[in-house]
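Take a look at the structures below.
In the two assemblies presented below, chain A is common to both, partnered first by chain B and then by chain C.
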Partner chain A sequence: MSLTLFVLRRLGRGVLTIWFAVTVTFLLLRLLPGDPALAVASTNMTEEARAALLVQYGLDQPLPVQYVLYLGELLQGNLGTSFTQSVPVLDVLLHRLPWTLLLTFTALALTVVVGVPLGALAASAKGRTWDRVVQVVGVTGQSLFVPSVGIVLLFLFGLALGWFPIGGAYDQDVYGFEWYGSVLSHLVLPALSLTLVQLGPYVLTMRAALVDALGDDYVTLARANGLSPRRILWKHALRNALLPTTTLIGLQLGFLVGGAVLTETVFAYPGIGRGIYEAVTQLDFPVLQGAFLLLAVTVVAANMLTDIAYGFLDPRVKTS
Partner chain B sequence: MKLRRLSLAATAAAGALALAACAPQAPSSDGEGSGAPAEAGDDTLTIATTTDVVNYNPLIGNSRSDYWVTNLMYPHLLSIADDGSKEASLATDWGYVDETTGFYEIRDDFTWSDGEPLTADDVAWTLNAVKQDAPAGTFYGQMGHVESAEAVSPTRVEVTLTEPDTSVIEEIGFWGNIVPQHVFEPAGSVAEFANDGEDGWVSAGPYVLTDVQAGQSYTLERTEEPYPLVEGGTPVPARVVYRVYPDVNTEILAQQSGEVDVIANALPPAQVEQLRSTEGIEVAEVPGLGYAHMVYNMDQPDLAKTEVRQALAHAADYETIREVVLQGQAVSTGSSPLMPVLSQYHDDSLTEYEFDPELSRSLMEDAGYEADADGMFPVTFRLLYSLQDSVTSQWAQLVKDSAAEAGIAIELEGLERNTYLARTDEGDYDIYAGNFAIMDDPVTNFTLSYLPGGAINYTHVDDPELNDLVAQAAVTADPDEKVALMQEAAALVHEQVYDNIMYTQNLYMAYSSDWDGFVVKPSELLSIVSAQSIASAHRVSGE
Partner chain C sequence: MTAPLTDPALTDQALTDPALTGAPLDEPGRGRRAGSATWRAFRRQPLGVFSLAVLALIVLVSVFAPVLSEPPASYGPDVLQPPGGAHPFGTDALGRDVLAEVVWGTRQSVLVAVAASAIAIAFGTLVAVVGAYFRRVDAVVGVLVDLTLSLPVLPLMILVAALAGPSTTTIILVVAAFSWPEVTRLVRSQALAVVGLPYVDAARLMTRNAAWIIGRHVVPAVTPVVVVSVVVTASRAVLSAAGLAFLGLGDPTTWSWGRILYEAQQSGAMVSAWWLTLFPSLAILALVLSATLVSIAYNDARNPRNHDR
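What follows is the complex of A and B.
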């Protein structure tokens, strides 16, 4: 199979996945108890006023009609209008999406940059002290809860040491290059907490894959040919061991976005995760549908890139 | 090689310039507020809140942050005193011309930030637009008996009512914000106008919103126009920044680190003492105007029996709840919906239901129930509450335990908020537990809570005697007579346990000891962040 066909098939699968996510989100939201009018009702709202709100939201229409109208608008690039904010959903989301992407991709990059060498270190020192230390770190990381880690980091590095700000994505009244410094200083603690809780799977997967690879025949042959252990590890075994880790990146991205909801809440980070939480409490269907669509697109795109990268790393994938 | 280095350096420089261009640029110096008098302060007051602003249209607004931010721009006709009585604000005088005509006399020295005067036309237009367009929110809910409003002079508005109602003028005056007709009218329906500041905001308050960073901060600058409700006409802080910290623990850390000066929302009871003893932090006590309560659904046959409701009322240890869960930060209302804070209305002769399991058992037997060998009566009641309400979640467990002592089984149903609202709406509960933030007007409260068709009549009570008392009070102009009628109605609610009011919670707000001059108002909606309070706040070191 050519690379073009391989990419096209992945694209087609991605579009189908997004349509499925859109449909499931649409239906699930309407299965939730209560209705959006009730979620914003004041103590003195009359039945008539509530009914009028449902008409205003377009929720008086039968479900299939709502679905067709929604898909029709979606195909024209219109995500709708927020029930509670009366502004286009795209405006609501585009203010927040960049911060979530910055946070999640920074955390992902940090996780890979730290996790892969740690896993390699453990595999190369299999059974020795370093291996045990790294495994303990990996298992402990998997058991951490984002908000708990976040509060500890905030207390220690924000309040006690004063090294980093407590919340937000940047400081007020900071402009030009200083603004980037401010963004960076606000990013450190939330990215660190996400990295800490995500690190475990990468370290352990990398270690297991590399231990396997180091036992393969070609490694034995390389040793017999006199190649240095370092060259065998980093040049030959690591490339094969990267395949499961690459798969993990695609799989973990969804979890990373999920973790961002909690991280953004604890660190008062203005990302889309918090927007989702707020929209859930207000049953703001258009914002939720739009947010899940954007997240689905992000995750699908990342998975496609992973698949394509996989194809480059392992040529057998393209022909299978 | 040299050329390559040069091109690399040029690329790096271009990249740096591009990056710098992408970053926010410093505002020009001729922005809002630059024309403020020299004696005004230059300080920024930073206030923490847990929620974002959802809507900038105060006629729709439904979150506390909406209320706090828009209150700094859109004045209310009336304010409120600690005892729930109404005070002058934009309106200097108010009342009734006759049974079906109310009036407001307003100040003539309020000006919108674009230079337009705020007149009775704005007030009348706001009331009529709310009546016509029915925006979601408390304001429209108060308009049931309003037919229309008319500006009869530049400073006088007369309101025509569909039927006599002696509460409506004060309730509208307190709950409703006045918006600029010349901005809102061209936008169409006030029920759908986002007022998101596309062309900037227009304010008649002490501050005007100038910058929104969704999810992070809302910045308001002092207006150039005088603000008549603050001494000297010039608000002291030059700028107010609301910062959003969704997690209350993070919010408190931000207060401790000095990143914020004030926490707008009430502190959780467990944090009050700790913050009181923290150096550099002051804690203001704010009287609550609401209450926490349990309501017994009379559509349930067992709970339709007065003795069963009384048995349940005597099976809860209110004192322990207030001391343990609320850490002593709540007061008994004497189990009356006329709370002590409403000093004009409160009736000392009503006393709290005593926690007496034996009396409860006796009442259950009077109702015809017989306890089994384990001492339990053959009934189980489902107690519905919201899991998002941490205080209620805690005392619900205590209620269950104490009821068990009286032989009454209670099954706890803590639910996610929207499910809780849906179940409440459907009447699918035996006992409802919850709380109200502000019950400032007894007649309005009783109408909504105890009359048939009332939006929060969770008891589903329809008692002709009670209906009659409240209906009479609603049209009685004489204050003493009104109070007497409401006290009689409250006694009936107490005796029949149509509602079980458990406490009024005092509220505590943290602020930096670097600041002073706040004006404390009752309830969390106003607390120390009303427009008047913020405009009066000043740095201690600047004195």
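What follows is the complex of A and C.
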């Protein structure tokens, strides 16, 4: 398959996924035994206001017509109005998105940078102590509850040791270089919590893929040629074992974002997740709906970019 | 014998999930002999047995919660007392006994885990085996599962739970509704391998009753994977339900581990009163970790290579 075709197919799949997310949201909002007007306006509106809203949003129309109207509004970037802040939902969310992106990408980068060598360490010591230790860490990591991890880190490094601030994303009264410094120090604990929770699957996948790769014929050949074990592991086996790990990034992005929602809640980090928490407390349904759609689009786009980037690096991806 | 796992989706999953690596296909109808051999192999793994005991203990606590502790009162005289004396786990911002909250929270967490995973397993398995048997259905199932799994599920659960109004039933249904694709993915790859085996072709010669073939031959062959995914799904359900409760979407009339954390956060004592968060966190960790370890031990145990010969 040519590269253009591969990229086009991948783009098509991304669009399909987003359409699916939108349709699921639409069906949930309309088919749940709640008042659809609630999705666009407050719970304490008057009966006339409700009727006017139903007409304004076309909610008095049959379901298929509503669906087309809904798609049309979304394509224009209209996610409704947040009724607690009386501003378009999209504005509220786009304001918060950079913080969520900063947090999740930092955590993802940390996870890969720590997870791949840990997995390699376990695979190269297969059956020995280090392998056991790494596997125990991996399995335990998968069982952690994100807020619990966040609270423990907050207690240890925020409160007891005082190394890092205990909430927020930056200091109010600093500017320039210092401001970036404050952003960084606020980022450490949330990113660390998210990394600890994410690490397990990456370590275990990397280990399993490397153990497989180390049993392949080309590794035996390299060994027969007298290459050092380290060179075989890092130069030959690792490259071939990276594919499942890259696939895993795509599979885990959804969980990563879910973890970010909980992490931001613990650390009062001003991203979309904290926005979701506040919207839940105020029953701000338009924000909840918009947050899901925006996060879905972000996840799908990130996934697509990873796949396409990897398609350029590894010819096997294009054919599969 | 052991069929090679050819489906790429399965390979990914097998690598993702430690519980699945190195697990061969079970032949259907190996019957009780294999079952007892599996049990013997399981008993030889101290960690697995210990985890099973922890799981059993948690279930016992949830069943006997009314005997173990009074239901948490709505307020008490001693506010934010550290653990000790009359309150082994301390008290919260309204003076309620944290031990009682954790004990009664066990009930709710176990209930949600069992109910949500039962629904997800039943539906997910059904979709997977029917899909594997009828290839035309499978194409749809595959795309549906892929699409659902590539979306951020927690924000979707939050939206639905908020719209439907927080209650135990809502939480069970919401968690179940977004957990079945994971089950389907696990079971489907195994079912696809089984459907291609000669004995299923032989069964096709005997009857055209697809339901009979699926029920009699396909389902028994995927049962081990289903058992593993029961455990995985249940522990994920615990985490999802706790997450929803932590965000304030738990049942406000029942105690759950997530709700203890949520109230700790709301009262502003989340970090300073460490006992408020430590005990429910340990409870969640104990349940999820022991379930994961049991599934790993079970998987090792049913591998015939680890049986006595």
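FYI, the second predicted complex is superposed on the first by the 270 of 320 C-alpha atoms of A that agree within 3 Å, B and C clash if a C-alpha of one lies under 4 Å from a C-alpha of the other, contacts with A are read in each partner's own complex, and residues count from 1 in each chain.
Just so we're on the same page, contacts are C-beta pairs under 8 Å (C-beta built on N, C-alpha and C of every residue); 3 or more make two chains touch, one makes a residue touch a chain.
Note that the structure is predicted; figures quoted are calculated from it, not measured.
**Q** For A:Val87, select first, second, both or neither according to whether it touches chain B, chain C, the two together, or no partner.
**A** first
**Q** With the two structures laid over each other on chain A, which partner does A:Leu283 touch: chain B (first), chain C (second), both, or neither?
**A** both
**Q** Just to be sure I read the superposition right, which of the two partners does A:Gln142 touch: chain B = first, chain C = second, or both, or neither?
**A** After superposition on chain A, A:Gln142 lies in contact with chain C alone.
**Q** For A:Leu159, select first, second, both or neither according to whether it touches chain B, chain C, the two together, or no partner.
**A** both
**Q** Which of the two partners, first being chain B and second being chain C, lies in contact with A:Ala291: first, second, both, or neither?
**A** second
**Q** Between chain B and chain C, whom does A:Ile151 touch in the aligned arrangement: first, second, both, or neither?
**A** After superposing on A, A:Ile151 lies in contact with both chain B and chain C.
**Q** Using the superposition on chain A described above, determine whether A:Thr265 touches chain B (first), chain C (second), both, or neither.
**A** Once the two structures are laid over each other on A, A:Thr265 reaches both partners.
**Q** Using the superposition described at the top, list the residues of chain A that contact chain B and also contact chain C.
**A** Of chain A, residues 32-34, 38-39, 147, 151, 154-155, 158-159, 166, 265-266, 277, 281, 283 contact chain B in one complex and chain C in the other.
**Q** In the complex of these two chains, what residues of chain B are touching chain A?
**A** Within the complex, chain B touches chain A at residues 16, 19-20, 23-26, 44, 51-52, 54-55, 57, 60, 62, 134, 136-138, 140-142, 144, 191-194, 196, 213-217, 219, 241, 243-247, 249-251, 253-254, 256-257, 259, 417-419, 421-423, 425, 436, 444, 448, 455-456.
**Q** For the complex, give me every residue of chain A touching chain B.
**A** Where chain A meets chain B, its residues are 32-35, 37-46, 49, 52-53, 56, 84-87, 92, 95-96, 99, 147, 151, 154-155, 158-159, 162, 165-170, 172, 174-177, 179-180, 264-271, 274-275, 277-278, 281-283.
**Q** Which of the residues in chain C come into contact with chain A in the complex?
**A** So the residues of chain C touching chain A come out as 8, 11-12, 14-16, 18, 21, 147-156, 158-160, 162-165, 235, 239, 242-243, 246-249, 261, 265, 270-272, 274, 277, 281, 284-285, 288-289, 292-293, 296.
**Q** Which of the residues in chain A end up touching chain C in this complex?
**A** 16-17, 20-21, 24-25, 28-29, 32-34, 38-39, 135, 138-140, 142-148, 151-152, 154-155, 158-159, 166, 201, 204-205, 208-209, 244, 247-248, 250-251, 253-255, 257-258, 261-262, 265-266, 276-277, 279-281, 283, 285, 288-289, 291-292, 295-296, 299-300, 303, 320
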